[in-house]
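Below are two complexes that have chain A in common, paired first with chain B and then with chain C.
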Partner chain A sequence: MTDQFVVAPMLVALVSIVLTLGTRRRLGTQIALSVAGALAYAGTVLAIVWRVVFSPGASPVTYQLGGWPAPFGITLVADALSAFMLSMVAVVGLAALVFSVSYMTPDEQRVFYHPLFHCLLLGVSGAFLTGDLFNLFVWFEVMLLSSYVFVAFYGRKKHTRAALWYVVLNLVGSVVMLVAIGGLYSITGTLNMADMARRLADPAAFGIRVEAVVGLSALLFAVFALKAGLVPFQFWVPAAYRAAPLPVTALLAGVTKKVGLYAIVRLYFTVFGATRLSVSIPGVGGDSLLAFYGVVLFCLATASVLVGGLGALAADELEGVFAYSSISQIGFIVVPLAIGAASARPAIQHLAILAALVYALNHALAKSTLFMAAGTVRSAIGTSRLRNLGGIASHSPALAGVFFVAALSLVGIPPLTGFFGKLLVFDVALRAESAFGLALLLGGTGLTIAYTTRVWNRAFWGEASPAVAASSPARVQLVVVVALAACIVAVGVGFDPVYRFADAAATAATDRGAYIDAVGLTGGAGA
Partner chain B sequence: MTAFVLATVLGILFAAGTFLLLRRDVLRIVWGVTVLSQAANVYLMTMGGIVEPSADGVPVLAGHGEHVPQTTDPLVQALVLTAIVISFAMTAFALVLTYRVYQEHSTLDTTTLEGEP
Partner chain C sequence: MRTTARVVVPIILIVSISLFLQGHNLPGGGFIGGVLTTTAFALVYIAYGLDFPRVLGHEMEPAESVFEDPVVVAYRRTFLSGLAIAVGGGLVPLLFDLPFLSQTYVILHDIPIYHEIELASALVFDLGVFLVVVGGLLTVLSVVGAE
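Now for the complex of A and B:
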């Protein structure tokens, strides 16, 4: 019974919540415990990554809660895909927490900031680890509950308004998710994802009507698209990201958004992809349910890349630019997924998920760096409006360097992480001979160059504006963003292990049989 | 018959929830969301299907007399319990947030809220 370490990240986050709640009156102790909790979290994630991906004889590990066997109880699954997502949470979460110790005022930290932060980590890790559809809903709610509070955190005009829309929208999303999950349970007779994949691969044997699964999975898809902030479900993103404290925004944009993407990869590629269905859409191959989603994903990705890119060009605050940019970047992550879903060839599917994961990692690192850099600008200068900024590069070269590295990584310049993300995404589009995909990627990259250059010119180049000249960035904040920027460079330079990690994750996402076997159900390899 | 009644109730609940959700008053929107989540709970109940009871499926029915009524799948009831707790917490939070919105903006009219800078 060494499988318990699967729950370790959640357990650590839970203990951190309790401890930070208990030490609410002594801020110093609370901060120390909170940072120690984030470190321990990163440690447990490292252990999972080692055990599941890099150690000799690595294999997915499952933990059956309460000892109930697979389809009946709740199963937690740590495979390479979950581990990949968790490692993003660990890096961004730790950085954001250390950053917020300096960024948030002591009074702000006293009002449940640290417990809520760990609650967000708990929800995200639960969502990445669970192997049960209804449990996924519960973890989504845990994650959302704390993000609601964070969006409303400052409690003034724009924050309450943004929080209200965010809450109502996500509550409706939860209702839709419940309806979809209930329907899927009724149709397939199970909530366990592996069991569902097994049953959907052979619908006749279990008396499943495949047509109903198409509609219900589409309903579920709308919820995941809402969480990922894909156009046309993106309208909450800019307001919520501008309202939440910036370190939390870094976590929301870098990691929480990826939960929606993870759910799309896990449920549509691993579970629903098993369904055989005759699809007759021009330009789309395959006889799987996935082919249908190829078209849907492509439309959403196209709209996201364009709307996000154009919005970022027009935004007048650093946070606004980065919030719109994250809509656009999610589009970039979804483009290879769309091409992979539409392609019948397993090799392309594998490469597509690999590209999407590497790009997601790049986005997690670069975007959280940018949001925290915006936080440093805001706390040092007091504003992040582009019109009041200027000449940061001459005044604070370190901060400007951080922005430079992260922005170039978004654009995709070697040797940064973003280069490999872009390279793999373009590779997928080329191999699948998707001319439209290539055009979209090129156009989107053009937009990325345009809006990053605009921010660079307005905020970092030229004469130091009076506000900038009178400022000095906080040391702790600078150290955190410089460390993250160094991380972007390091992942790009030493890309090989990251590639192997992402490759294992993509294999885990496409190898349905191994997933079913890992959960302990029979008929995985054969089905 | 049960199925027919449930389907009608569900239809009414979803319709009423959607109607309230589209109103201008924030409080009505919150009620709309609450009605919608209750509708989803009832819907979840029906998804278990109404089946002949057996001591295997519902252990508590064993040894409770000759006649046992028709019953639904116990799993969906567990799901609904979880969903109720979550929607209860969320309703409380949404109401508090509504109050806070009113304090900050002195209005609960969504068109006015949207227009403010």
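Now for the complex of A and C:
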């Protein structure tokens, strides 16, 4: 029964933490071990992806930590959805780590940079793999504790200020999350997500009061929205993203935010969606708990797209533009989820999750490329203020090309990844006949075009400013961002396997029965 | 204060070790034992000041920054070795094709005085946690205390 590869990414990250801590005095060794750790991490993720999605006879695989059986022990579940999210982590994490070896000064890297980086990877992969609600909270904390340090990393006034905000908000979030999980445990009598889904599908048999589940799941939802940075919980995003070291920001925006989204998909579509409830909201079909969240998600997504887009238009630094843009892009990811949740038709739900996942992949690749490109600009030129930049395109065509590709992918131009993301999202809105959704998507895309064009005009076009003319981008950093940009093009051109992967992931998210079966719980009464 | 510390510290240490040893099937364990051990050290620090390792007769050059202080370096080593023991102990079951963190135990018979002792592999993990807690908390205590 032991499929050790399920736990392998976490073990690799753990061992990397120990090794990089142990070699702190020899920076060369530490960097080599750290990069080797990230490579090994990518390798283990590849093994999971192969085994769970692409190999013949692929199926979800579970792993009982310490050999304790479900639902009492902690279960790790590697299904297509987890594998899809993990592969994003592997790509962005590896790129960000190689990038930071060049971007961070040796002194900065000595200050526990590498151990913390692997700690962040550990937390994120734990959150994607766990099948236990309380364990999810623990991995959230592992991830957050290391990101606290990163936001305060440079330790000057504005970083400390951003970190204070970030820590206080997330601590409040964690407390709320703990309360909600405790409440759900007392009502459903289980913490195992598959077991919970099974019990919620038949609340009468287990003596569960559905109304209480609605309230507690809403409490939990607020926490995930906070972590994902949806409006009105977005206010920590710009400050924290500007304060953290830029390669880490790339990881935070590209991957950590997706943990909130993943939790929404996993818990609300797979687990809470089992609850039957009579909903009487105009324009919303369905008799599931999800219908209620369709409305909520739609409001949050609308606000995120608009606030993020307008904020990005007004920001005066590259990082500021990209931070606001990521609020808006998260909105784009949530729009199909909202439409899918409000729709009673399984086909649309499936397509909606598929669209959200492809869009999330696009955002992970494009946004981390943009943040790292901003890092390259910053370390070569010394500033990323739009007013001091100009003419980068004539001075460093490669860097400009990278920005061009990533920005077009955000807008959604074929043949880049973003095109398929946008296509699928529009497809969902069309099939669900959501006129308002279509208008929102069009408006949001307009805003995206406006702010990317603005950055292009100010920073990349025109005469080279004195600061730009005197600069030369570091080669390693250029290689990393060019590789990521190539990745965006490659995923777009060879979209077919990615589509199959995302399709399998969406199936995994909606197929509640398969999830419960994978964990090995039989239906019926008794635990 | 010093008199109290002299009497109380050994008691605290013994209680913490017994808590640590019973941890795998009674309340207690590495974390609580570690915290209690740290409080013993904290009491010594309060009674004798931050320089108490020097009072004990160890000659040490004053370091440039508190991070390079030999005592703090030793605490950090404790932390690291604890982490390594906990992770390494968790990895051992993989060799036997068992899940990560699997535990087992043996009961040793015919031991003088105790007659039988339960030797649990969970103790290794607990030892790691114990060292992590002691090393981590004492590093924080001495670095923040020095500022």
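Here is the rule we use: the second predicted complex is superposed on the first by the 521 of 527 C-alpha atoms of A that agree within 3 Å, B and C clash if a C-alpha of one lies under 4 Å from a C-alpha of the other, contacts with A are read in each partner's own complex, and residues count from 1 in each chain.
As a convention for this text, contacts are C-beta pairs under 8 Å (C-beta built on N, C-alpha and C of every residue); 3 or more make two chains touch, one makes a residue touch a chain.
The model shown is predicted, which means the values in this text are computed figures rather than measured ones.
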{"item": "Superposition on chain A - do chain B and chain C clash or fit", "value": "fit"}
{"item": "First (chain B), second (chain C), both or neither touched by A:Val172", "value": "first"}
{"item": "Partner chain(s) touched by A:Leu145 [first = chain B, second = chain C, both, neither]", "value": "first"}
{"item": "Chain B versus chain C as contact partner of A:Ala314, first or second or both or neither", "value": "neither"}
{"item": "Touching partner for A:Gly22 - first (chain B), second (chain C), both, neither", "value": "second"}
{"item": "First (chain B), second (chain C), both or neither touched by A:Phe134", "value": "first"}
{"item": "C-alpha centroid angle, chain C to chain B via chain A, nearest 10°", "value": "40"}
{"item": "Touched partner set for A:Arg156, first chain B, second chain C, both or neither", "value": "first"}
{"item": "More chain A residues in contact - chain B or chain C", "value": "B"}
{"item": "Which of chain B and chain C A:Gln64 touches, first, second, both or neither", "value": "second"}
{"item": "Least C-alpha distance (whole Å) that remains between chain C and chain B when both complexes are overlaid", "value": "8"}
{"item": "Contacting residues of chain B [partner chain A, same complex]", "value": "21, 26, 29-30, 33, 36-37, 39-41, 43-44, 47-49, 75-76, 79, 82-83, 86-87, 89-90, 93-94, 97-98, 100-101, 104-105, 113, 116"}
{"item": "Contact set on chain A toward chain C in their complex", "value": "2, 4, 7, 11, 14-15, 17-18, 21-22, 63-67"}
{"item": "Contact footprint of chain A on chain C as seen in their complex", "value": "80, 83-84, 87, 91, 94, 97-103"}
{"item": "List of chain A residues in touch with chain B within their complex", "value": "134, 138, 141, 145, 148, 152, 155-157, 160-161, 163-164, 167-168, 171-172, 174-175, 178-179, 181-183, 185-186, 191"}
